[in-house]
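Working notes, beginning with the structure itself.
Chain IDs A, B and C follow the sequence of writing; residue 1 opens each chain.
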């Protein structure tokens, strides 16, 4: 695709300093861009590349303009400019329509004329597939489920019974939505299964990563708000509510019935135990374990981080005596106070 | 389904205080139950709802009876009552029998007449599928595997060669049983694969979560005992033994050859390193890392938990000097002892 | 398969002490080996079994030879001998060739004559499948992908667009390669997707575990070096580079753009944050969280480990006051210094 620089500037919301008629073929990193390609500077760490890049134009912050003599697309957030420009050059195009002959579609399913049901996929009873939906190869859409307009299931995705996916969602390969929640009552040492009767309901513009799992609710629904982004291998348990525009990096786990308000972020391998409430604007760094509700927006952390094994051994042994050490410290403080008072008495 | 209250009481083992002839249509949470529905109070946290619920009857603990004027089903464990009542209203029904025309079934496989092999599934050579088994859409049952009576593979499940699944098991979508264990010998920096010749053998009444993986043994089998419940994205390595009625929440990992005795529980993201033995009745809270065998039943923990990032930064820096700080504390104690003795000498 | 002991010794590089003409049928653990089977002693922990084993021959370290009176295969690394011998008895044999009639293969795909495309698999446009490749049941190989000679996709594997897999790789069930990286720009609270335009490129002799996910790069490729071994449920984010012969145990996560040099190992549940560089010969124990680049080869750790919950509670509370306690320690040290000086002044 060829776009003119002036058109790109208008579309991404940048101020153009240069020739609007220049033709651009794609976007690439500074060090690799050709004379037909646009590039961007999103971190001053890479500012050195501005001198050597062959890019015909660069998206950058006004503060960096002085360091580049070529065509500039000036924006307060060049990374956002990159995102928008890349989408201009690489729009998703739904090229196929209809039902692949190898797919299995139940006669009671409703499939929009311009949707695509890929090879070896299974669409079961009473499913509703809206217009422009893409169901990739090997997917299962179980009975009663609904996939909203423009949404895409990339491949080998499983939507279990009665799952609802909103519009313009992307569900990556291997993701499972609507598996049973982990609900058991204990009957004298034996686990009795509690039927999981709720659904998974996913809003619009949600992206769900590869092999991520979202369980159906026990009695109520598990809810994923509009605009939520979940990375790969994330686990969302039954009855969880994830608020709008939350983002969770890979391997985050959220236990049952926890409610997360909008605009929270969770770094990789973070975890949240069950039945908590997390206020909007909470940000947890990688590997943070949240065991109490968070009532105040902010940044939270908990992990201990890598050290030489030899040092770590000694420190982690002392972690197990930490309370004891603090008691010793207290006794020392008291003793010093006594000594000090004795001194003064003398 | 409509059931009479007296019948429900008898089936779930509750003492009825009220009208046995009342007709009940389903079970629902207190705040949402209609006048045709049963509800339950499993935590005193929700006792306020007793006043306002429209439920025609409530399962509750005898201590709570005074707070509810309607029909009561009294039980020491109302949560167990809820589990049993929900199962009464929502029994699993195997509605389909036979082999879907889109499935691929090897002629050497033995399939019980009333089992169901779902669309796009693959059943390979010498597989044995017992009566009332449900193989959902997109599943793979590799050669030599066996699925016991009443068990269900929900969709896109992979049972690799020679896997044995007992009776009345539920294996959720995306789970993989029988993948190769992670076994390599190091040959001058290069990894040499060790053929994984054992199997995965799963007992009866086991539930395995979505996208969970259980590796086959190296020379012996990986064993999952009767009644075990594994949540989503759990990893069980080769040669592990998980004892009867153990339960593992999502994202738990157990490394190779570890033996876990019956009736243990593991919170989400817990981990157990290889070649350990864990005694019966061990309970690990979320994110616990077990690096030594556990010989005494009880509750174990290890994680550090969320704090404001600003505070955490300072504390985690000190964690890396913890042993050093304890040495300082020791010197302080010695010095005080000296000072104290000097005082006394004077 | 029956092999003579002399032949085995030659093939595995062991020194034979005993009868080279003895016939051996398989390899088994010491306690279970029959008189037709070979065994091995890889840990002195099991040396007791040498007295009682029925094995016709044992691979062991020369130091252990005195404890076994039967046929010995002497090697400095008996575990490596076991790996090699097991591979002799259990070579992978590609028994099938061609395309199963239930598979869907795009006419533009190139499939080597002796490759196998398993039942219900999907091979899309312009895919290249080299000789002796095994594509198991239910796999998806999306358009533009290439699978190198002798490589095997075990079942329900997803290779997304343009993924490149080298020669002699094994990709276990449920793995996903080439899913979109987790790339978003934030536009006033809303996440804007960044098209993920790079690929996943996997070298030769790589093994990838069940339900592991490897994301495609944003602009450049995600690279997995020759000989890398990844266990189950591992996550490799976009633009990561994993150097040759690295090994990662289950549930390891590596965040975006991190570069890991050759010959590193990561224990289960370890994590590495994004944009780091890890030097060759780095070894991280289980659950280690790496938040800074590692410039010096060695062993690294970070986790706190299991303790009785009652003790852990007190210690983890003190972790949150650790910096404060160290300040108290500092004040105590100062006070002691004062007291000491005062003493001396007197």
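Keep this in mind: contacts are C-beta pairs under 8 Å (C-beta built on N, C-alpha and C of every residue); 3 or more make two chains touch, one makes a residue touch a chain.
Predicted, not measured: the structure shown is a model, and the values here were computed from it.
Considering every other chain in turn, the ones in contact with both chain B and chain C prove to be A. Here chain A and chain C face each other with different sets of residues for the most part; under half of the interface numbers are shared between them.
A turn of 120° superposes the CA atoms of chain A on those of chain B, with the angle given to the nearest 5.
As a whole-number value, the distance joining the C-alpha centres of chain A and chain C reads 25 Å. Among the residues of chain B, those touching two or more other chains are numbered 102, 120, 138, 156, 174, 211, 233, 251, 269, 303-305, 307, 319, 321-322, 325, 329, 332, 336, 339. Listed in rising order, the residues of chain A touching chain C in the complex are 27-29, 32, 77, 79-80, 82-84, 86-87, 89-90, 100, 102, 118-120, 136-138, 154-156, 170, 172-174, 207, 209-211, 227, 229, 231-233, 245, 247, 249-251, 263, 267-269, 286-287, 303-310, 312-313, 316, 319-323, 325-326, 329, 332-333, 336, 339-340, 343. Residues 102, 104, 120-122, 124, 138, 140, 142, 156, 158, 160, 174, 176, 179-180, 182-187, 189-195, 197, 211, 213, 215, 219-220, 233, 235, 237, 251, 253, 255, 269, 271, 273, 284-285, 288-292, 294, 298-305, 307, 311, 314-315, 317-319, 321-322, 325, 328-329, 332, 335-336, 339, 342 of chain B are the ones touching chain C in the complex.
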